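First the structure, which I've put down as structure tokens, then a few questions once you've had a look.
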Amino acid sequence: MKSYRKELWFNIPNRRGFKNITPDVEVALRESGIQEGLTLVSAMHITASVFINDDESGLHQDYDKWLEKLAPHEPVNQYRHNATGEDNADAHMKRQIMGREVVVAITEGRLDFGPWEQIFYGEFDGRRRKRVLIKIIGE
Amino acid sequence: MKSYRKELWFNIPNRRGFKNITPDVEVALRESGIQEGLTLVSAMHITASVFINDDESGLHQDYDKWLEKLAPHEPVNQYRHNATGEDNADAHMKRQIMGREVVVAITEGRLDFGPWEQIFYGEFDGRRRKRVLIKIIGE
Amino acid sequence: MKSYRKELWFNIPNRRGFKNITPDVEVALRESGIQEGLTLVSAMHITASVFINDDESGLHQDYDKWLEKLAPHEPVNQYRHNATGEDNADAHMKRQIMGREVVVAITEGRLDFGPWEQIFYGEFDGRRRKRVLIKIIGE
């Protein structure tokens, strides 16, 4: 069994944003030399997500509005977590809806995807450097 | 390390529906010959889910009503994604709540499940052929 | 490829509660002797979650209040599932938002975590013995 590890670093300029990281995962997969196996792609921070969906900007605006409705940022004092001096309790909730991680099959050296699957980094408390972990195992 | 790949195809006759695919995953596991490892079961389409829960029809009706409340289908013009000509923005949201994939342990050649765990395909934009991917790795 | 399996048992004294199980997973990882690979940590019951987030009690209170808002326990007769004699339909929904499982990378014999990542068992229908499965594969 072979394994390969790589970190991706991001600094999303706004509080919230989505970034297509599929090309970065494909580069890591080529570097790994692994042909058959699984790759984990996970947010290393607990106010961010990694998820798979569509690369369509209207949908991303819909997600942002929808997540704000389900877990509003303001008023910040509605959350006990923010009494610690943080203002990001809502980001911890948005991340649970969108998910921490994805596991993707690797077949014949490629991400084994359906027609529209793309991997995104979802930031809910940005404006600072944060990381995603790629771990690939297989042969 | 061995690996095994199989696709399952579905055509759910309504916009939304749930289908127990545990028997299909068990067949794939037997075909693989793998005794110890992990299996990924993932929706290859971004308006569908694979999740693990209870095979109880009342609960499935509750899920459908609940997901409609959290991410209503109508009015379709409340979503920017639908300005592209689609009417399925809500399906992209419902899928995020229910999840894209499950990873199941394989122990002594069986799905290593608790007493009520069953694997479901969750369709949120049906009436067309769509796929689930099974990828098993182990020994 | 090596694999290792362990069950953790809990009896949360209230209907809902969160428990940090990171130390238990670290013990299992040491027992496994695996240096590079993946670990699956999953709830074996369908009214409970395993998720990764912050070990901060204010946040856990926020989660509890937020999940109650998205999927209220009462009135219990709002859910068809509860017509079976259960009163836990809400727990099946809360578990979908928080997730069934996490997959964590193992690197140099350790859980490969970002600075604040901790693994939690989330109970939504407690006051009885329930289980979490740890399955580790790698070398």
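So that you can tell them apart, the chains are marked A, B and C in the order they are listed, and the count of residues begins at 1 in each.
FYI, a contact is a pair of C-beta atoms (placed from the backbone, for glycine too) under 8 Å apart; a residue touches a chain by one contact, two chains touch by 3 or more.
Note that the structure is predicted; figures quoted are calculated from it, not measured.
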**Request:** Make each chain a node and each touching pair an edge, then name the shape: line, ring, star, complete, other.
**Result:** complete
**Request:** Using only the C-alpha atoms, find the rotation that maps chain A onto chain B and quote its angle between 0 and 180 degrees, to the nearest 5.
**Result:** 120
**Prompt:** Same or different: at the chain A/chain C interface, is the fraction of residue numbers used by both copies above or below half?
**Reply:** different
**Item:** Chain centre separation (chain A, chain C; CA means) in Å
**Value:** 20
**Asked** Multi-chain contacts in chain C: which residues touch at least two other chains?
**Response** 1, 38, 70, 97, 99, 103, 137
**Request:** Can you check the complex and tell me which residues of chain B touch chain A?
**Result:** 1, 3, 5, 38, 40, 42-46, 70-71, 79-84, 89, 92-93, 95-97, 99-101, 103, 131, 133, 135, 137
**Asked** Which residues of chain C touch chain A in their complex?
**Response** 1, 36-38, 51-54, 56, 58-59, 61-63, 66, 70, 97-99, 102-105, 107, 112-117, 137-139
